[in-house]
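Starting off with a structure, shown below.
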Amino acid sequence: MDYDFNFAAVWRDFDILLSGLGLGLVLAVISIAIGCLIGLCLAFAMLSKKRSIRWAATVYVSVFRNTPILVLILFTFFALPEFGINLGKIESFIVTLSVYSGAYLTEVFRSGLVSLPPGLREAGLTVGLTEFRTKILITIPVMFRRVLPALGNNFISLFKDTSLAAVIAVPELTFYARKINVETFRVIETWLVASLMYVIACSIIAAILRRTENRLAIPK
Amino acid sequence: MTIPVLEITNLHKKFGEVEVLKGIDLTMQSGNVVSLIGSSGSGKTTLLRCVNLLEDYEDGVVAVEGEQIGYKQHKGRRIRLKEREIARQRAMTGMAFQHFNLFPHMSAIHNVMLGLIKTRKTPKDEAYAAAEGWLDRVGMKNWKDHYPGQLSGGQQQRVAIARAIAMNPVLMLFDEVTSALDPELVSEVLAVVKDLASDGMTMLLVTHEMQFAHDVSDTVVFMQDGRIGEQGPPEQLFHNPKSERLAAFLKNSKF
Amino acid sequence: MDIMQALDAIWSARWPLLDGFGNTILISAVSILLGTPLGVGVGLILSYGNRVLRFIVRLYSDFLRGTPVFVLILACFYILSIVGIQLSAFQAGVFALTLFCSSHVGEIVQGALKTIPKGQTEAAKSVGLTFFGTFFSVLLPQALRMILPTWVTTATEIVKASTLLSVIGVVELLLATQQVISRTYLSLELYFFAGLVFFLINFAIEKAGRFVERKVSLPN
């Protein structure tokens, strides 16, 4: 093989790629925030006394964990309008990613909650807190710190999943990479740079998360 | 006669099909110190937990300062109180657990302050001063900024006791507060409990430390299979047990 | 939503859909079957390799895990032909999924080997086992039990990721479905159908995994 590397074309559009990366991050942050809310509610639902509620939460988790995210993205974007639900492509993608991450985070939070000593909740109750405030002030904050590493991994995977937004033409990194690929034919350079951008972004996120974990860790 | 601090009448409690409390009657006046002793599984913990409704009970009445805990009677039927009411009632009593159950994400002083601020609506600076005072009382003032994970078991238990008494409860419940501790840490916690007792705090405690029960209580209650087997002043129970069962139980406990 | 009409469309397109389904299974199976042994190799090198080898494989694994699968698929599809390796879209896609699978399995294997207490190796050596003896009769059987649940999850991830091959024109189940949609405009019903089939595939994999897990679990 003889291939002349020429990064000039990719370099010229580097700022566009960077903006795409930024959009991906924003999408991931918004989605995980909504996903956390969904996950928290469903995690408590999974531990509910009522069978029907547990069952409903289990079905949600099972369905969204086992269905390809691409199918979900296409479904939300192309099929939901038939129900009269018309979302822009970015909104539609955020909805999909939130719902999808909600399923994964439910599992994360559920296992975090069951790993807490039962006495924690009881101690909250004995100082006169209601069940709800005990959750808000005690169980959830303690659980959150325990699941932080898992939450971080989920965020990184979610960030990588934002590459799929390209399929519905959301202008994130992969979308621009494909565009530059087609326009310049600098195939290797384009994909090398794009993947390196993802890889580096992921390691930076991982490093930030590790620092946050240490900062939030409960002193021992 | 004044209203008793705690009045339990005909208390029944089941776990599924198994009845673990089979009709308990117990009355405590202000300043009383009552110790519950008895073999494992006899229902001591369950009894304690019914008093602050960590366990629901099926039948009978638990009343603290004349107020039925957890339920009200309405047209002859028993209705569970609202969550908020129950939370208020729980704050009337304080509880110290076998495994301390401190909030691991809060420093010692914040553990003590939480109930004051959130339940009693005490202003922050006042709560801080009060909490500091209570930590001082249990000998933990110098450790107020440490987190539970940084404290020994005995120290954690003392903070946990401070957390409970800071709420100014009318009745303190202690469930085997020393049995998760290393032997050399037991005495520092017992000293705190004794100090509170001599100060006139009304306390109901479960313990396996017979000498301690002997020294601190006005009344000792021997529980046996979900019933009160025998009760009376410590001298009588420990030195002149009436039943075979109690005699056998005492023989097998370290004294 | 017209269910009869949808069922009718699915029925008349049953052969192409079945073809797509077959391709989905084939893509997933081949990627898992090739990716797993490759991943075991990665895991072993990460655990026992010399420094140079370990460094190279670490780079390989981190790069692959930091890159979204979708980007990996696009990169393999475009780059391989440029550098003179003529692969069909199908082959390029399977190649990408195999790499993806290997990096994940590698991580799982390394993680599992790390959690086996050192005492096990020492005990094995003390009864006179060689390195290979120790590995195959003591470490591997323990590691495999630990790996199984996560490996099953990886398998479902691969099935989900196989849908991404639709973007490079491989007619697997999703693209086959989209082709029916383009003729019938029944996007809601057919995306739902595709989602359901994928869900069922993964649900079956999960259940089978649980079953095997129970069979091989050690009494305790």
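Order as written gives the chain letters A, B and C; numbering starts at 1 within each chain.
Note that contacts are C-beta pairs under 8 Å (C-beta built on N, C-alpha and C of every residue); 3 or more make two chains touch, one makes a residue touch a chain.
In this text, all values refer to a predicted model and were calculated from it rather than measured experimentally.
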Counting only chain pairs that touch, give me the topology of the graph as line, ring, star, complete or other.
line
Please identify the chain lying most centrally, where each chain is represented by the average of its Cα atoms.
A
Which two chains meet at the most C-beta pairs?
A-C
What's the distance between the Cα centroids of chain A and chain B, rounded to whole Å?
45
Taking the mean of the C-alpha atoms as each chain's centre, how many Å separate chain B from chain C?
55
Using mean C-alpha positions as chain centres, tell me how far chain A is from chain C in Å, no decimals.
20
Quick check on chain B: which residues sit in contact with 2+ other chains?
none
Under the stated contact criterion, what part of chain B meets chain A in this complex?
52, 54, 83-84, 87-88, 90-91, 93-95, 97, 99-105, 114-115, 118-120, 146-147, 149-150, 160, 163-164, 167
Of chain C, residues touching chain A in the complex:
1, 62-63, 65-72, 74-75, 78-79, 82-84, 156, 159-164, 166-167, 174, 178, 187-188, 191-192, 194-195, 198-199, 202-203, 206
Footprint of chain B on chain A - complex, ascending:
117, 119-120, 122-133, 137-138, 141-142, 145, 218-220
Quick one: in the complex, what on chain A touches chain C?
1, 3, 62-63, 65-72, 74-75, 78-80, 82-83, 160-164, 166-167, 174, 177-178, 181, 187-188, 191-192, 194-195, 198-200, 202-203
